[in-house]
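Before anything else, here is the set of structures, which you'll find just below.
Below, chain A partners chain B and then partners chain C, in two separate complexes.
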Partner chain A sequence: MRASPLVRHGAVAAGLVALSVVAYLLLAGVQGDRGQVVLLVVVWTIALTGLNLIMGLGGYPSLAHVAFFAGGAYLSAYFLERGWPMALGAALAVGLTMLGGLVVALVFSRTRGQYFAIGTMFCTAVVYLVLTNATGFTGGPNGKPVDLGFSMTATLVLLAASVGLGLGAFYVLARTRFGDRLRAIREDEDLARHVGVPTARVKLVAMVLSSGFGAWAGVLFAQYNGVIAPSQFTFVQSFLMLVAIGLGGAGRLLAPLVGSAIVIGFTQLIKLGPGVSQIVLGVLFILVTLLVPGGVLGGLAQLARRLRRTPPAAETERSTPVRVKEAAS
Partner chain B sequence: MTQVLVDGIFLGCLFAVVAVGLTLVYGVMEVPNFAHAGIIVLAAYTTWSVSQAGAPFVLAALAGIACGGAVSVLTEVLAYRWIIERPAAAPAVALGLLLILQNVALRLYGGAGRSLDTPYDTVLLRFGGVTLPGVKAALIVLAVASLGALHLLLTRTSLGRAMRAVAQDREAAGMLGIPMRRQYMLAFLIAGLLGGVAAIAYAPTFQISPYMADEVLLSAFVVVVLGGLGSVWGAVTGGLLLGIVQGFGAAYVSSAYQSAFGLLVLVLILVLRPDGLRSTNARRVA
Partner chain C sequence: MTALLTVDRVVKRYGGLAAVDGVSFTLGAGDVLGLIGPNGSGKTTLLGILAGTHDPTSGTVTLDGRVCSGRGAHRAVHAGIARTFQTTRLFGGWTLREALRLARRENRRPADVASDERIAALLALDGLLDRPCTSLTSAAQRLAMIALALATGPRVLLLDEPAVGMDTAESAALARAVRDVADDLGVAVVVVDHNMHFLMPLADSVLVMASGTVLATGTPAQIRADEAVIASYLGET
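Coming up: the complex of A and B.
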């Protein structure tokens, strides 16, 4: 028997609040290298929640996500340098980055899978070029320090709260008609369009929303880290973000958290020597793509179902058969 | 002016050789082969280490090209072959392979840049007011020769005809008894060999590093979009066009943003001619 929706939503909300509290305790309590790992996992979770919208629900692999991340970090640093109040600077940084996301989306939301990947990858490459070459604004290849806008406690609280609120927003969005439309696009874009889903507009909105998540994560990252440099926003990073979502389980609520923990853990915690951890990640990513398309969370869910011996048809829930008709209306 | 044009043509030849490898694989298998950059890197490092070991340059170059072909076939056998039924997973697998190949290079040779010496390093050709270094001339010659050979293969041999058939309609080609697996492998072999050619031709003008091919790969993808995914001649003309645009952009606007002009071209096509993007169903290859 399935619990009533109210109980289920309540349980999710309680879980997310608990997650925020745990995130705060870890951020405040863990120091040194491990503290850096915790910070990165938290920041990535916030950023990747946005990517999980467009890539997880919509099936569109956006390689521009790190560009939005960089946009939030650099723009907020720029406004702070000008002496503007932090709240205004942060809002402007997120707003301007979302405007940039809108421009990217206007051009590329019309394109399909392969072209979309190529186009968004190019955006990241160009943003990287700007970061390294527009020395006056970005400080060039060596990056620049970021002034403290929020107090350290405020940054920690914002980081921890954003994890829960971001995931909560994703949970709600995934259950609206917008979420259904995105899933319809993932399953069969031609069919979705045929039954009346405004595919280009839905993709556009998803892209702009995801850029907002990325930018906000960038603002907080810059505040906590104190230094930003182009090497933190390379094409490899944007690809690792994709890997994180794929490993975690595209479209699943906790995929950003699980994926970030795996990717950051592999690249920062386990010292295998230069390159090796990324080779391992690459192999892992390909194996998961080939063998467990649902990622770690999808695989676990499948395993749990098999253990409970429920007939698969009854339990597929919302994952496979998308309610195209509702999505279209 | 003419000098800029010649430099643009040099860039264009490089893009064309890389883009033809991409488009061939896409035409036959519908995979956006991001791993192609990794193949170029490994081929370049192989050439470098063989010539460091004292072998003559020609031998080292052949070793590099062979390495490109071998690694490319390996990616097909080990990874791409298993996702033929799931094209949506292709970009993910391709990027995973790129991560693996680049970091293998990083692991084996370190992150420091290496320079590849060639016997024609010091040659400098002059025509009127235009100067052309030997390495760039060699690239143009190699590009024309390899693309010409590919054209002959595709149009004059039964193997090439079979490949064009697969690119036009996979199912029909399979029904007619064309061995599909061999065609997939062949496409990746040719793409890898072309990647090797690109590596030995362009490594001497830049530095060899694990990330040397990233920007070239992006430009080559723009070329592929320009010419239509899966079209060889589209890739050649698109490559020359983009090379000349980037050459002029670098000379007259800003050389730091050279590859950004590729994005400009890409955006312009997408905005102005979205229909011109769909890969042509017929004649995907040749």
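Coming up: the complex of A and C.
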């Protein structure tokens, strides 16, 4: 019944190319408020693909992701300001942010669960303080304009291509031994260590890769948006990123896209007044976590499996709890 | 014959308490050592030190002439020491085959490792490889945990109360499986258990712990006859 792996990989690749094309058309075609929504969904999808590694596959709820996002945006803006070539500035911004990711990973390598969440939240808080107070470098609370490094067309193409390529990278990583190791860590980190997984190193690599995605998204966001300000990189954003992965379906390939669409849709399109949409999202998150632990995509996959199942074969399998560990959806 | 595993004056302190207080013994390939002692006597802690779960406060564990204690569990496994846990631990939703594959890929001596089918056959888990671990019976889950340890290609296997929750027939099958692992794969095995009907026929030698120290060592027959052991432990059960 199952398609051969090659056919499946091909189908995923084709789907991701199509997704990039659609992203480009929407980015180029949609204007105004809705254009802003498209941009944010695209940028968040790129950033959250990284979060989906550490949090989705590895089970580590990082609240530092927005700090990496900010790192990419501010550092690339800084290098541009100094007259450096954009490509170099972007590479440096991403590289330095990944170095920051390494530091965060080293500092919090021994913490788990809520302690890891609180620790990484602290990083976001510190970065926010720096953004608001290091006025000379960051422009302070009001932010600053960003010079155009890439042409607008180049930025659009990079944004659209990064969505497909990023998700493609995730798809590949999730299927390598690295993906298995992260899933093992999510299931039982101590047991993983006892079958030989170098858990500390795996988590470190996941965190650094994850920060790279966040930083690159930040670079592109700054380029497209033209202005950056601390209010775009708050703790609330970090929390919403985490919510997006949970809502989408942690560890699933398209969780960043689905989660971003839901979260951005809620905060940008449905004007419920300041703070209210976050409360609604919070409640939605709790409901989904309780009712459909696999998120929207996990729930859909479960539903599809149920519909596909032929009655006789169903008997033996139904009693087993359905756990989702395939990243493809 | 030189010993495969040498445990030398191992101590583990938790604050003022010495959970393991100067334990030494040696073990050869294919030997089965029964480790007994009252609750809280330090058996699990000792296994944890051997397996790299805990760093010893002092003392060393040497495998084939190489010190392998105090370097973390993943390095101990790479060196060839694998353990199971007193409470069942598996990668919940995974199938056993997926879990074995992970363990096998982490292992650096893949040629030494028995195939999934061989491991399953040894432990009477045939036909259960492709089921989610959570759907197995609790006895099968205990066996699956041993299968996972075997998939790392260990030379020393540490089993912490493997027969817990098993009925007589199941624990007899487990004893045969452990014997086969020792004989066929040449693995040295340390088995902790309170069930003497299970342990005594299985073990080549027995080490009795009390309050973190070695109270007695000997063959099962010697231990059964040892008055100090009877007084401190066997007599009470």
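Heads up, the rule we're going with is that the second predicted complex is superposed on the first by the 309 of 329 C-alpha atoms of A that agree within 3 Å, B and C clash if a C-alpha of one lies under 4 Å from a C-alpha of the other, contacts with A are read in each partner's own complex, and residues count from 1 in each chain.
To be clear about the criterion, contacts are C-beta pairs under 8 Å (C-beta built on N, C-alpha and C of every residue); 3 or more make two chains touch, one makes a residue touch a chain.
Keep in mind it's a predicted model, so treat the numbers as computed, not measured.
**Student:** With both structures superposed, pick whichever of chain B and chain C touches the larger number of chain A residues.
**Tutor:** B
**Student:** Just chain B (first), just chain C (second), both, or neither: which does A:R181 touch?
**Tutor:** In the superposed model, A:R181 contacts chain C only, not chain B.
**Student:** Figure out whether A:A117 sits in contact with chain B (first) or chain C (second), or with both, or with neither.
**Tutor:** After superposition on chain A, A:A117 lies in contact with chain B alone.
**Student:** Touching A:L191 in the superposition: chain B (first), chain C (second), both, neither?
**Tutor:** After superposition on chain A, A:L191 lies in contact with chain C alone.
**Student:** Counting only touches as set out at the top, which of chain B and chain C does A:T199 meet: first, second, both, neither?
**Tutor:** After superposing on A, A:T199 lies in contact with chain C but is clear of chain B.
**Student:** Would you pull the chain A residues touching chain B in the complex into a rising list?
**Tutor:** 59, 61, 107-108, 110-111, 113-115, 117-119, 121-123, 125-126, 129, 133, 235-236, 239, 242-243, 246, 273-276, 278-279, 281-283, 285-286, 289-290, 293
**Student:** Per the contact definition, I'd like the list of chain A residues that touch chain C in the complex.
**Tutor:** 177, 180-181, 183-184, 187-188, 190-199, 319-321, 323-325
**Student:** Help me check something: in the complex, which residues belonging to chain C touch chain A?
**Tutor:** So the residues of chain C in touch with chain A come to 51, 53, 72-74, 77-78, 82-83, 85, 89-94, 98-99, 101-103, 105-107, 131-132, 134-135, 148-149, 151-152.
**Student:** Considering only the defined contacts, which chain B positions touch chain A in the complex?
**Tutor:** Touch residues, chain B against chain A: 26, 32, 79, 82-83, 86-93, 95-100, 103-104, 106-107, 110-111, 214-215, 218, 221-222, 225, 229, 256-257, 259-260, 262-263, 266-267, 270-271, 274, 277.
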